[in-house]
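See below for the structure under consideration.
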Amino acid sequence: MSTLAAAAAEAPKIEYGELSPMLLVFGAAIVGVLVEALAPRYLRKSIQMPITILSMVGAFVLTVWQGTKGVRHAAAMGAVAVDGPSLFIWGAILLLAIVSVLLINDDDQFVAQAAAVPGSAEEDQAIAEGGAHTEIYPLVLFAVGGMMLFPASNDLLIMFVALEVMSLPLYLLCGLARRRRLLSQEAAMKYFLLGAFSSAFFLYGTALLYGFAGSVDLAAIDKALTTVGGKDTLLFLGVATIGVGLLFKIGAAPFQAWKPDVYQGSPTPITALMASGTLIAAFGALLRVFWVALGNLDTEWTPVLWGVAILTMIVGAVLAITQTDIKRMLAYSSIAHTGFLLIAVVSTGKEAQNAASLSGILFYLVTYGFATVGAFAVVTMIREAGGEAGHLSRWAGLGKRSPVLAGIFALFLLAFAGIPLTSGFFGKYAVFAPAVASGNVALVIVGVVTSAMAAFFYVRVIVLMFFSEPSADGPTIALPSMGTAAVVTLAAAATVVLGVFPQPVLDLAHSAAQSLFVR
Amino acid sequence: MRALLADPAGPTLADFGKDPLWISIIKAVFIFVFLMLGVLFGVWTERKLISRMQHRYGPNRAGKFGLLQSVADGLKMGLKEDILPRTVDKVVYILAPVIIAVPAFLSYSIIPFGPVVSMFGHRTPLQLTDLPVAVLVVLAMASIGVYGIVLAGWGSRSPYAVLGGLRSTAQVISYEIAMGLSFVAVFLFAGTLSTSEIVAKQASGATWHLGSLDIPLPSWYAILLIPSFLIYVITMLGETNRVPFDLPEGEGELVGGFHTEYSSSLKFAMFMLAEYVNIFTVSGLCITLFLGGWRAPWPISLWDGANAGWWPMLWFFLKLVLVFGFFVWVRASLPRIRYDQLMAFGWKILIPLNLGWILVVATVRATQIEGANKTLVMVIAALVVVGCLAIYFRFDTVAQRRREARAAEAEAEFERLRDEPTAGGFPVPALDLPHYHGVNGRKEVPSGTN
Amino acid sequence: MTTHYLVLSALLFAIGAVGVLVRRNAIVVFMCVELMLNACNLAFVTFARQHGNLQGQIIAFFVMIVAAAEVVVGLAIIVTIFRTRRSASVDDANLLKY
Amino acid sequence: MPWLSILMGVPVVGALAVAAVPKGNDKLAKQLTLVVSLVVLALTLAMASQFDPSGPRDQFSEVHQWIPAFGVRYAVAVDGIALLLIALAAVLVPIVVLASWHDADRPEAKRSVKTYFALILVLEAMMIGVFAATDVFLFYVFFEAMLIPMYFMIGSYGGAQRSYAAVKFLLYSLFGGLLMLVAVIALYAIADKGTFLQPELIGAIKDPATQKWLFLGFFIAFAVKAPVWPFHTWLPDAAAQAPAGAAVLLVGVLDKVGTYGMLRFCLELFPDAAKFFTPLVITLSVIGIVYGAIVAIGQTDMKRLIAYTSISHFGFITMGVFAMSADAGAGATLYMVNHGFSTGALFLLAGFLIHRRGSQYIADYGGVQKVAPVLAGTFLIAGLSSLSLPGLSTFVSEFLVLIGTFENWVIPGVIALVGMVLAAVYILWMYQRMMGGPTAESVKALPDLNLREKVVVAPLIALLIVFGFFPKPLLDIVNPAVHQTLTTVHAPQFTPDIPVTAEKKGAGQ
Amino acid sequence: MVLAVLAAGFAVFSVGIAPFTGPKRWNRAKLDAYECGIEPTPQPVGGGRFPLKYMITAMLFIVFDIEIIFLYPWAVAFDKLGVFGLVEMVLFIVTVLVAYAYVWRRRGLDWD
């Protein structure tokens, strides 16, 4: 008899300890909301900031602790997989989120009164009063919590919920830029509409897979691949639609359209968070779905992802060349990088091969994450009257006005281009190497050709910064706040250190990937 | 199943879904007729009762005691010209009354009228159907009914109707939350959402083992869970837009509310019908969930045959009449409250109260569970209480401060603007102007003199 | 019998998807997305019935919640934009271009 | 003593020190750079003196774990070839530093002078590293990383078209490099030895088809680097736009990485493929020789002209490398060094001219030898070395290459001879147009070389002449390594009779 | 099976109800031009828009309605879930209350 009561036949068990990093982040987010409700306005920021940072640092410590304990199993009734990759991704996301929050903490990035019509008297008043939405902190925490849950979820429902928990705050955060409000709102709307569209696809895919397997548990779907017959239509349609949803989230072509708009319109610190954290989380989820649930179907989806990878790389690299806005360019570059990462996703094989691919992806994500956060941090510092100086022409001659800043930005660009002795090189290597080992040489060749194309637009920016004359009314370089300076320094240091001595992180990624995903 | 029949606790979920189609039809028709007649005589009862309370006669022309007054009204409406205002959105306008009426009837399908009886040789429960989620059906139907209200207001394309519709919607959904929450405690005790099983659970009171004491608990949830019951009763009034919560059609401010444009004909009758059917529905639900359902109340229940056969329908009907009487009583006694008070009452008092009460009930239940970690439960309870109190006091002080500040501000504003017609103040001559009451300032002048 | 529901769900999903792609009003697009979510719900419940387990129904609950949250966020965003530009057309949102 | 690490470390530390020099104190930065580069030169010489030509092939070897996860080691060592090339770099850098004394300080351009010199030092470290690396991966790292300082040197301090040239240079090299990356990865994966050490990878790839693909991966990278026709188009732009010093390092040393790589990696790691592709490469080389020479004749810009001569010369080098004979191999190696000196001298002198006159067009000059005889004289010697006049070191190497080529490839050898003739045409014609004839109005006031410039040019001219008459020490160092390489390739072996040959040449002069 | 019963019940009941909701349809619907008591605005009120505060109420309703959806199964299964259920629900309710407090403080519950 199917009754509601029968569903909960026994009291479930939840491993609070293993989930503690996530719980801490979510808990802090809730406390943050409470602070919003109860604390007087002038105190809010000074309460929110420590809560946010400390909780994330705490979560990071807990993650490390879990890692040293060697936890590797599915917690919470098999709903959340706390395994090597999860822990690694958590750590990476938390670190990057901490860095991003330092950036977010910077004043005057966010709107004073989101509900006020841009340019209205209301807005002026809110600005004059020094109003600020301290809600961004809890929102960021929710988003980060979602990012942590997304790649760790071991069934599709949790994954869907996590996807939304991650995305919804980001939709809102996108629309909160202080300057260029219209642009920002538009970005938020586009992100929202397309994001919701894609999650509907994800959900429909989930439904079809549920129809196929009778369960949304990844392991159960995996098992059903061998036991269930005669439902191929459901299976393939399900895989296709779920794939669309996931590919959208990582911004792979042909589902990349949102990325440039959103990256450009969002407040830059949020862009940094998205470009690093969301990408990591989405890749974790993509891997989990395709490797764990659909691992035995790889002959079917590999060719498709092959095509997607190639298309993504080409679209990212080619369209980036035509961009004139720095944030859009970085967005397209992010698309190209997504393509490179996809190369490793299809490079499956035996267990050792999978582990190598996985560790490559993990390492790449970390290196890319740091470089990208750093790059966007630099972007926040180049200002002109109407906000950040987005247009590339405004960057001309920056190397002469501020050699250090331009030098650091050039470093990040070189890392994106994958020049040796920057982190990006080893990232690329870590991804290409397993791909070659698994026989995807053609894909790798496309990869290197497009990286050469990608290098062109990175180099173009360097050319602009260093080799052209600064215009007289060039943008001002904002004196970095402590936070921004710290972010830039940290990211640059990470880029260099990982470029010269990547071994520790590689080891970590390797040991995280060794056990692969729990099933 | 045979064993269940012998059980005086009445039918369970397993007894449903076995009826042949014709029995279902009979039941459905019965419910329909019951409700239609109920509405007709309900209206009459209400008018009669109120007039009695107000020392009037009430309807007394049509039929004996005016019994046929409602019938006459209904017929009149059916015969009146159906007016379709020019500006309305026709589809919506016509659809709205249907949408509002149908769900009202549907809810009744899960109200149990009595135990298993023999109907033309078939053994069948006196209830159209039952579901594991029966109570949810009622809530769902209520929600669909809301669409009717919104669409009626919207389709009319008239400001009063729109505002009335919106207000009514806001009110209904607000009170629906409190209503839904008030059920939770019942389900905690009953362990089911099935109406027939909830009735069965109220057959006999449980005992509460507190230490060595065995405290017998009352069997009716209305007594056992008084707060839930009270909240339900309040929301019941709000949910059906009855006095004192009949803001949506508040004649004083909104003409007829959402059905302003439905000036005549059976469409208007549909709204009336739906309102009364809804009253019966919530009353029936009230009886089922809190007042022991069709079971006979205490003195009658001493008679063994009271809860068997067709008798329980009588008890149910009596209870229904009483609850309906309560509606009328309230209508006759209470004034209509202000809209912001209404919303504040629903959101700021009923809901938190309800949530707190649910936690209390849950904690108590948890202590009763075998093998439960009592200390943990107590610690949680203590934490919850402390937390609630802390938040309450914080809120209270803040609210107090804000109230005072607002009062002071208003006072200051008033002081400032009192005498300035230009600033929007009313041009009132100073009360101590000499020409008023003589030169010596204010002096009380007895009326009738001068 | 469940097949009919599946077909219906697929149809609803397709209508929603097409709506998202062809409609220009943000609110309508948004409603189409919601339609897609509800099509998913229908599919879930149908499959739950087909498989005789409850997972699908429970998922439908969660989906509703997520959809609700999406409504809150989405309407907030759209309303803000609407207040600014007095238009909810996606075509008017053209500041971000290639 | 970890010679090689020290050699790399000193310039890096020096570069940091130079970069740390306070702003405005450009002179100190220059002096510091010069000192550091001289120290490196001294260290190199000291190391070279300890090199045992008859000893094992790889000397001064150091191997440390770097990235165990990828099987990458920090492994450096030198054989004779590498040693010579490192020495070339070490010699050229101080000269370039001295020559570029004023290159960077055009005040209107607001360039950071110290950055330029710091970049030179960084580049030096990487040049040493790239020749010293025996780990393929490490080699690759240096190979690619080297681009960046050079890119900035061209882009920031070059001529009018500098940013175009810099980007072209970088993208070409990067593209080649990335293809090589694929090959490197594949090499590692297919060899499956868990290491990138070049000696261990020799013979690891058995499958001929695989060898061919990997060979192509490496070869294209090297061909871009050492501009082999048709991958050469970046060079004229880069060399013409780069400041003279940078051009010297670019053409003199950086491009040698390509030919060095062919010798060291293409041949040794993929012997069968190398043999398979030899006809193709030889053909390309010959085309390069002739094409470079012909196009050079048509140039109006002297730096471009020199660049095209280099393309021609690189044709000789690749031909020598792939001729698969001991003579040709040794000749090619020697050619790399000598070409560094001769082209270096040419570029520097052209740079001095341009600095004086402010134009790089040949037509803007005329009759310089009358106003600046020393300048013209040294220019002539450098030019003659470029056309391989006997008695100058380039002749020895070119001769060896041709002899070696004739052993196996007669027709290409003959065609290559045409290249030599054409070389005479372009050099002499350029000299005639610039230095001879009536003195042009604009060069009337042209000053002759000053002391600094003389100090710059003198060692180069001296080296050209000395090694022209006495190439034995170089050959002694080179031959064993070349021999070993060819053994690996299983090239048809001649009894190494090279000292005799060399003496014959020497005696012939 | 239960669903089947529900469907049957629905069908039967709808059949039962139809004729009675029907009467108004066969009533002669005259399309008389008619101005009702008050002048209907040519456009819907406010240009076809609802006041924003109703939207907020609607959203709050959704939030709490969902809470109720979760509370019901929990209440039904409470005896089986035991203390675990209690703990989880306390957390859940506290979380919702946090949101509730936030809304309250931001005047989301104030009406005029």
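Chains: A, B, C, D and E, in written order; residue numbering restarts at 1 for each.
To be clear about the criterion, a contact is a pair of C-beta atoms (placed from the backbone, for glycine too) under 8 Å apart; a residue touches a chain by one contact, two chains touch by 3 or more.
Going by UniProt, the chains are A = NADH-quinone oxidoreductase subunit N; B = NADH-quinone oxidoreductase subunit H; C = NADH-quinone oxidoreductase subunit K; D = NADH-quinone oxidoreductase subunit M; E = NADH-quinone oxidoreductase subunit.
Since the model is a prediction, treat every value here as computed from it, not as a measurement.
Enquirer: According to the touch definition, list the chains common to the neighbour sets of chain A and chain D.
Expert: none
Enquirer: State which chains count as neighbours of chain C and simultaneously of chain E.
Expert: Intersection of chain C and chain E contact lists gives A.
Enquirer: With chain centres set to the mean of the C-alpha atoms, which chain is at the far end from chain D?
Expert: The most distant chain relative to chain D turns out to be B.
Enquirer: Indicate, using Cα centroids, the chain positioned nearest the centre of all protein chains shown.
Expert: Centre-most chain by C-alpha means: A.
Enquirer: When I count C-beta pairs in contact, which pair ends up with more: A-C or A-E?
Expert: Between the two chain pairs, A-C has more contacting C-beta pairs.
Enquirer: Which chain maximises the distance between its CA centroid and that of chain A?
Expert: B
Enquirer: Per the centroid of Cα atoms for each chain, what is the distance between chain B and chain C, given in Å?
Expert: 33
Enquirer: Using mean CA coordinates as chain centres, what's the gap between chain B and chain E in Å?
Expert: That gives a centre separation of 14 Å.
Enquirer: On a C-alpha centroid basis, what's the spacing between chain B and chain D, in Å?
Expert: Here chain B and chain D have centroids separated by 93 Å.
Enquirer: How many angstrom between the C-alpha centroids of chain B and chain A?
Expert: 49
Enquirer: Which residues of chain D are in contact with two or more other chains?
Expert: Expected reply: no residues.
Enquirer: Could you tell me which residues belong to chain C and also touch two or more other chains?
Expert: Residues of chain C touching two or more partner chains: there are none.
Enquirer: By the touch rule stated above, which residues of chain A touch at least two different other chains?
Expert: Expected reply: 2, 4-5, 7, 38.
Enquirer: Using the touch rule from the top, collect the residues of chain A that touch chain E in their complex.
Expert: 2, 4-5, 7-14, 30, 33-34, 36-38
Enquirer: Would you mind writing out the residues of chain D in touch with chain A in their complex?
Expert: Of all residues in chain D, those touching chain A are 66-70, 110, 112, 115, 140-145, 147-148, 151-152, 155-156, 162-163, 166-167, 170-171, 174-175, 178-179, 181-182, 185-186, 188-189.
Enquirer: Could you list, by residue number, the parts of chain E that touch chain C in their complex?
Expert: The touching residues are 3, 52, 55, 59, 62-63, 65-66, 69-70.
Enquirer: Using the touch rule from the top, collect the residues of chain C that touch chain E in their complex.
Expert: Chain C reaches chain E through residues 49, 61, 64-65, 68, 71-72, 75, 79.
Enquirer: Can you list the residues on chain C that touch chain A in the complex?
Expert: Residue positions touching the partner: 6, 9, 13, 16-17, 20, 26, 29-30, 33, 36-37, 39-40, 43-44, 46-47, 50-56, 58-59, 62-63, 66, 69-70, 73-74, 76-78, 80-81, 83-85, 90, 93, 95-96, 98.
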